[in-house]
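Each chain carries a letter (A, B, C and D) given by its place in the written order, and its residues are counted from 1.
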Amino acid sequence: MCGIVGVSHHKEASKIAFLGLYALQHRGEEAAGIVSYNGSETHVLKKSGLAVDNFDEDNIRKLTGHMAIAHTRYSTTGSSTTKNIQPILVTHRKKTIAVAHNGNLTNTEELYAKLENEGSIFQTSMDSEIFVHLLAKTPNGDMPQWLIKVFAQVKGAYSVVLLLKDCLVGARDPQGFRPLCLGKLGDGYILASESCAFDMMKAEFVREIEPGEIVIIKGNKLESVFLPGFVGESRAFCVFENIYFARPDSRIFNDNIYQVRKRLGERLAIEHPVKADFVMGIPDSGLYAALGYAQQLGLPFEMAIVRNHYIGRTFIQPSQFLRDFRVRVKLNPIQDMIKGKSVVVIEDSIVRGTTSRSRIEEIREAGAKEIHMCISCPPIKFPCFYGIDFPSTGELIAHNKTVKEVADFIKVDSLYYLSLEGMLSVMKEKGNFCSACFTGKYPTQIPKNTDKLKLEI
Amino acid sequence: MCGIVGVSHHKEASKIAFLGLYALQHRGEEAAGIVSYNGSETHVLKKSGLAVDNFDEDNIRKLTGHMAIAHTRYSTTGSSTTKNIQPILVTHRKKTIAVAHNGNLTNTEELYAKLENEGSIFQTSMDSEIFVHLLAKTPNGDMPQWLIKVFAQVKGAYSVVLLLKDCLVGARDPQGFRPLCLGKLGDGYILASESCAFDMMKAEFVREIEPGEIVIIKGNKLESVFLPGFVGESRAFCVFENIYFARPDSRIFNDNIYQVRKRLGERLAIEHPVKADFVMGIPDSGLYAALGYAQQLGLPFEMAIVRNHYIGRTFIQPSQFLRDFRVRVKLNPIQDMIKGKSVVVIEDSIVRGTTSRSRIEEIREAGAKEIHMCISCPPIKFPCFYGIDFPSTGELIAHNKTVKEVADFIKVDSLYYLSLEGMLSVMKEKGNFCSACFTGKYPTQIPKNTDKLKLEI
Amino acid sequence: MCGIVGVSHHKEASKIAFLGLYALQHRGEEAAGIVSYNGSETHVLKKSGLAVDNFDEDNIRKLTGHMAIAHTRYSTTGSSTTKNIQPILVTHRKKTIAVAHNGNLTNTEELYAKLENEGSIFQTSMDSEIFVHLLAKTPNGDMPQWLIKVFAQVKGAYSVVLLLKDCLVGARDPQGFRPLCLGKLGDGYILASESCAFDMMKAEFVREIEPGEIVIIKGNKLESVFLPGFVGESRAFCVFENIYFARPDSRIFNDNIYQVRKRLGERLAIEHPVKADFVMGIPDSGLYAALGYAQQLGLPFEMAIVRNHYIGRTFIQPSQFLRDFRVRVKLNPIQDMIKGKSVVVIEDSIVRGTTSRSRIEEIREAGAKEIHMCISCPPIKFPCFYGIDFPSTGELIAHNKTVKEVADFIKVDSLYYLSLEGMLSVMKEKGNFCSACFTGKYPTQIPKNTDKLKLEI
Amino acid sequence: MCGIVGVSHHKEASKIAFLGLYALQHRGEEAAGIVSYNGSETHVLKKSGLAVDNFDEDNIRKLTGHMAIAHTRYSTTGSSTTKNIQPILVTHRKKTIAVAHNGNLTNTEELYAKLENEGSIFQTSMDSEIFVHLLAKTPNGDMPQWLIKVFAQVKGAYSVVLLLKDCLVGARDPQGFRPLCLGKLGDGYILASESCAFDMMKAEFVREIEPGEIVIIKGNKLESVFLPGFVGESRAFCVFENIYFARPDSRIFNDNIYQVRKRLGERLAIEHPVKADFVMGIPDSGLYAALGYAQQLGLPFEMAIVRNHYIGRTFIQPSQFLRDFRVRVKLNPIQDMIKGKSVVVIEDSIVRGTTSRSRIEEIREAGAKEIHMCISCPPIKFPCFYGIDFPSTGELIAHNKTVKEVADFIKVDSLYYLSLEGMLSVMKEKGNFCSACFTGKYPTQIPKNTDKLKLEI
């Protein structure tokens, strides 16, 4: 996952972009960057780590200009060196090309081979650099035709923002895997992965960029073109954005995430009603489903796990000693609430199962009499080729364990998953989601070579 | 406020102390330090900023020894230079004296004058250094007598931990303003400001140190003595710890904070029941009272404000530009929930009123139809001399404004405070609290000179 | 100017390369880099500032491998950003290409235009990057033919070392403007700008790389090829290396620099014998000519100016206040030696004249009765297009001032320059030097566009 | 050794003090500090490492005030932690006391015991802190009497500058072990360890502070008092300052160091004339004696060893690998000069012998036919208690080796030391020097306890 932002036509574009990074920090904690353009000069700032920690005002102030794009990185391809921080920025024939990309391409190998054979030198190990070389190689007379020729060559998941000549460009792949929203701030337009970024900037949500759409923004004018041949193509929005990844205050895929998650909890309560003293959620994403679950059943909702707001750098790369304490330091169950009680614990999803097991262990040590766990999505069994960084297939606990075996592994008294139909039934865009991580049915051809490795464990 | 930790008899004492800092980070974000002692050598680590960010494993590993004390600082006296980071550590006659202190002394001026006239040189501007000089000046044959002679000379609020010769010492002033808890980990004892620190360390809560008690821990032995002449003295626990400062998963002053806050909300609902579509709390400390309020009245509870977990350094000393966006970046109301709704907003307290006004403005901009605000304590009107860093009296909005005027200032449709009696009635240690910030009735003599300045605005 | 090093076939190649940077630090203080290769992986370290300060052992240790190239930078083209630190390193078709270059190309503009039109994206603003793109564009079956095709396209001054597949390559332009020496260390070969690097490494000096020669070193085998069509071409060694730039302990252009400079001083004494109490040189490069001058005339030689070995970073970008003191802090005349004395001051060259004026002023303030200045080269009047970073032509004091006017400007009692013939007569390779900075007669076509700008002031 | 500076009555006192540190950097490379005072506020800057590298303009600019003292540290007592950087600065009864000290006290243990028993807490492990506590303990009505009472209690070597109330104070012990010079800059006075500091500041040398003298400078007024009872006491200037430590452009102990060292070389030539092809000195301190030696005998003087001006941080704490190369990287003999020659090598002194052996080995590897070494002082056999940081006595090669054995160890063809009488005969203050490191005859009582340890190996 990654977060992307684009700002046009604002006298402090880089500061607005920085507010966008603040809002989208959850989409990538590894590194971040901003590129600004003032009509003649381009400025860039890139840092490892959290943008909110490492970008200071003095540096942002140097990013002058009325246009900016920004990126916050969660590595899926490319190693974690400085050069692999986006936006990617090059100067070609004295013009700036800058790219920020969220998603994963699926025909990467073919494009690498072709470009290098023609003499292109890749400077990063990110698939996103392919956009830059295609832009440099493709004749660039007419802007819409240039962009259509470029995007027609790439396959897979991409929501992307570009600084190109004097234009801000936004584009979304024909399946629409990743979100991309359009906002308005004063005279200018904003592009952002999630609408919560507009709230931060005090900008207005306009609409989502359509799958297959390219918007070209120049000054206060917006032109929209579509990739030809994709009209009516089936869409494949990432359901995991709704379940876990996006912020609860965002509106994407035509829905509000907080409300979607409460509805998942309500549906879970209908499918799996459990009798208990109270309902609690694993902070933060489990809280909303827990609230929906409790309200649906009329059970008390308690915030019986305290989240520590100070999870600092020390725990980012901890030794074994600190790792042993990590779960508890991050989330501490309140003994005075839990002792002797029968509880329903709501979690958004289970990936490896190890984290859930640790959390359940903590709740058990706090004195819970019975622990019933309800998950607000089905079992995750298959890898994602579109940008979610799941572990290798063999590490997905549900890949070759039954629900009963998973329950035994994480040591709960009972375990319930939401059904696939139940999950999709509460989404507004019901039929338009990719559920491949639950079903293994991929909406596009998947990359050659990688499939065996990933699919057969 | 500050947080203090002491560890005895653990082979990785500094790591345990560091876990304590993690748990107590909320008690002081300005700086932190750890002193360890291995029987022959003393090691120290001090850093500005958050311990959780700035203390790395390599540095902590160098703090060898089976004993350690630690401190996290929230400046109340002393400027913010490196030398004003605790624990204070000196070597005197080849013995280590190390001190970590939470609270404020009230006879500071008298003690400074006496000590300097006798040739003592103060190295810091913290009142806590007085303990060190008193220890160096006082004949130190018998440990309990030595400590009683030292503590008998200081007045005011102090919970303190010391490394002294081969002992870990903990002491609490006779009124018991600040909490200090005793835990057990393996063979050894732990001291910590709040019991949540024991959860982090997987230590067991034993009891609270009594007001006026001094505990001397050597190896796995604990000796307890009391300051003479204070038996039956009235106690003055800080009620603001319960309302706002302590962590919800802590047990101090004989109560669990989460439950206290829920009871404050329930009592608030009884005193001031409001009809509305739902109840929401200002994260985090307002959430618990909001839950109590909603459950008492049977109203829906919604988490309609999202707290951003990434409030980084950039916003710590922001420019005007970023300051304008600060409230919203930190706490974002969910428009899809609030639009057109009548809401009850629960806040733990109002100090200056400016923060509340900003938050209410944000909720209003998210589309709330009616906003009714309920505060889970009475109006704060007077300064604290015991360690809570309120602004100058004139800046306390309730000091010379009526409730109606405060409501107008923060622009709510209605505003209700919990009564003093209501507040105290839900505490387990009802009669033992200091409520001076609400009433102006101080339980001790207050410092000369400062009273006029602070009290008359 | 820049310094370059190449190491083949040594188990700690990067450490050997680092010793080379130590020896060649005087050739570039702005930045430095090392690239190592261990047969499968490539490692790189680049830092602004002095290599000797900023490269620490821990970092060098990570540069594993038996081959390495290194570069120390003195900017002549390209701005001073991190990306403009050499060696330039790219991965192309999974192979490493690394380049370190000393000199300036003269057909840069033509090559830039051609390459960008074909889609190449330049990542730096250094002309040296051209080598990389030519290497990527040119079919690379047979190594010698590949390299000859690449080097045949570039014109101007270059001594260059490359890491290419499993080979270390060294090449020198057909005129041989810049030095490049071949050494032997154990089984392997070393390439370095100056032979003093071999002393540091305890390597053996073998010979200089010939003008127009390309050496391809694989393991312990060396193959030599020559650019066709340049046999018998006239050479153009940079005489300024001998006068000022190279280290006195180096042997380049078939001569030892210390001895060349002493001979320049002896010749100066023959051309311009001055009667005085003693002879002193401006440290360090003036000292050797001063010693030759004094020995030739039988005058006492005194080291009457003390060079401060601690010219730290503070003076690198000083304020006006510190700048006022800079000359004296760097070089302090000894009053007790100079007071009331008539002195001959030997300087290697005069560029702007401002430095010499300051130094003479210092000597005058130390009490000198008479100051006679002798310069061990002719007046510098023209710009260099081959890598010496002279100021713009108008700033060269001798460009439009007579010797008398220069003497007046720097305020000496008399001023003497060595003659062109005298200078060349003491060189072993008499007829093979470029003297364009004295005569304006350039041995190659100079770059279009830049000539007017630079030549007409 | 250490260097100290004091500045009074200059509007940019800290910058002037910084220039003094530049000049005195050779007296201590370990750490440095500046304290300034502007009549009401005191500012301080302390850094590990070289002042010239680590003090930048921005930081110096913050040191406002018309008075300043500064110190550059070469550790002799006290470990190398930040707190052991001078000037020592405390605030006592709201007044600043700041101290910078060069030398070693000899009654340290007695003073420590007395002060701690009275309750003083030492913050550093430097004997210099004793001055601070004595100042705080001693009634301070009349400034001269106060200072006389303080200095009367300490014994040993001290040149010291103080900031005290509104005065700059300088004092030198009655034997005058360490130099301390008085200069004038505009209306104000300067104090500095060596007169070369005045050259840097463009200040005028006035005179040396007398042994046993205390100068109290207030504004542009200077008052001088003497410690009673020391009139006519025999002096004990450190001869090692003349031989090795001081800068050649300094005038201390009533002599110019460059000329003293040339005279040592001349005297050495008279005592030990050697026939050889030429004379060379080990840079830098050996060069001056070499020049005197060569001139006396009419032999050619050659600078046949090149000193690398870039000995950076990497070599400060090198690994074994770099250590093996250290000597050569620092000082490289010129093979083309030395090969096949018979040479006289002049060195200022031999301490352990290991450095000389390495250097001789390098000269031998450069091809020298014969190497004759002459040392411009007698054999060093005893420890120094007055501030020179010799190794333990057993490590002094001359402590229990004959001249012949030393010659064998360092592998020279012949070795000659200057005689004690010869050395002292060329000093202007002949009878006033301490020669204890050559003779073991100490001019004061030496510290108890330490003598056995140090003297018996």
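Note that a contact is a pair of C-beta atoms (placed from the backbone, for glycine too) under 8 Å apart; a residue touches a chain by one contact, two chains touch by 3 or more.
As the structure is a computational prediction, the values presented were derived from the model and not from experiment.
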Next item on the list: Considering only mean CA positions as chain centres, point out the chain farthest from subunit A.
Entry: D
Check: Distance from the CA centroid of subunit A to that of subunit B, rounded to the nearest Å?
Finding: 37
Check: Measuring from the mean C-alpha position of subunit A to the mean C-alpha position of subunit C, what distance in angstrom results?
Finding: 52
Notebook entry, point to check: How many angstrom between the C-alpha centroids of subunit C and subunit B?
Noted result: 64
Check: So what shape is it, when you link every pair of chains that touch: line, ring, star, complete or other?
Finding: ring
Next item on the list: Report the complete set of touching chain pairs.
Entry: A-B, A-C, B-D, C-D
Note to self: Quick check on the complex: what are the subunit D residues that touch subunit B?
What the structure shows: 90-93, 116-123, 132-133, 136-137
Next item on the list: Name, in rising order, each residue of subunit C that touches subunit D in their complex.
Entry: 12, 15, 18-19, 22-23, 25-26, 50-57, 196, 199-202, 247-249, 251, 256, 258-259, 284, 287-288, 291, 295, 300-304, 306, 308-315, 318-319, 321-322, 325, 328-329, 332-337
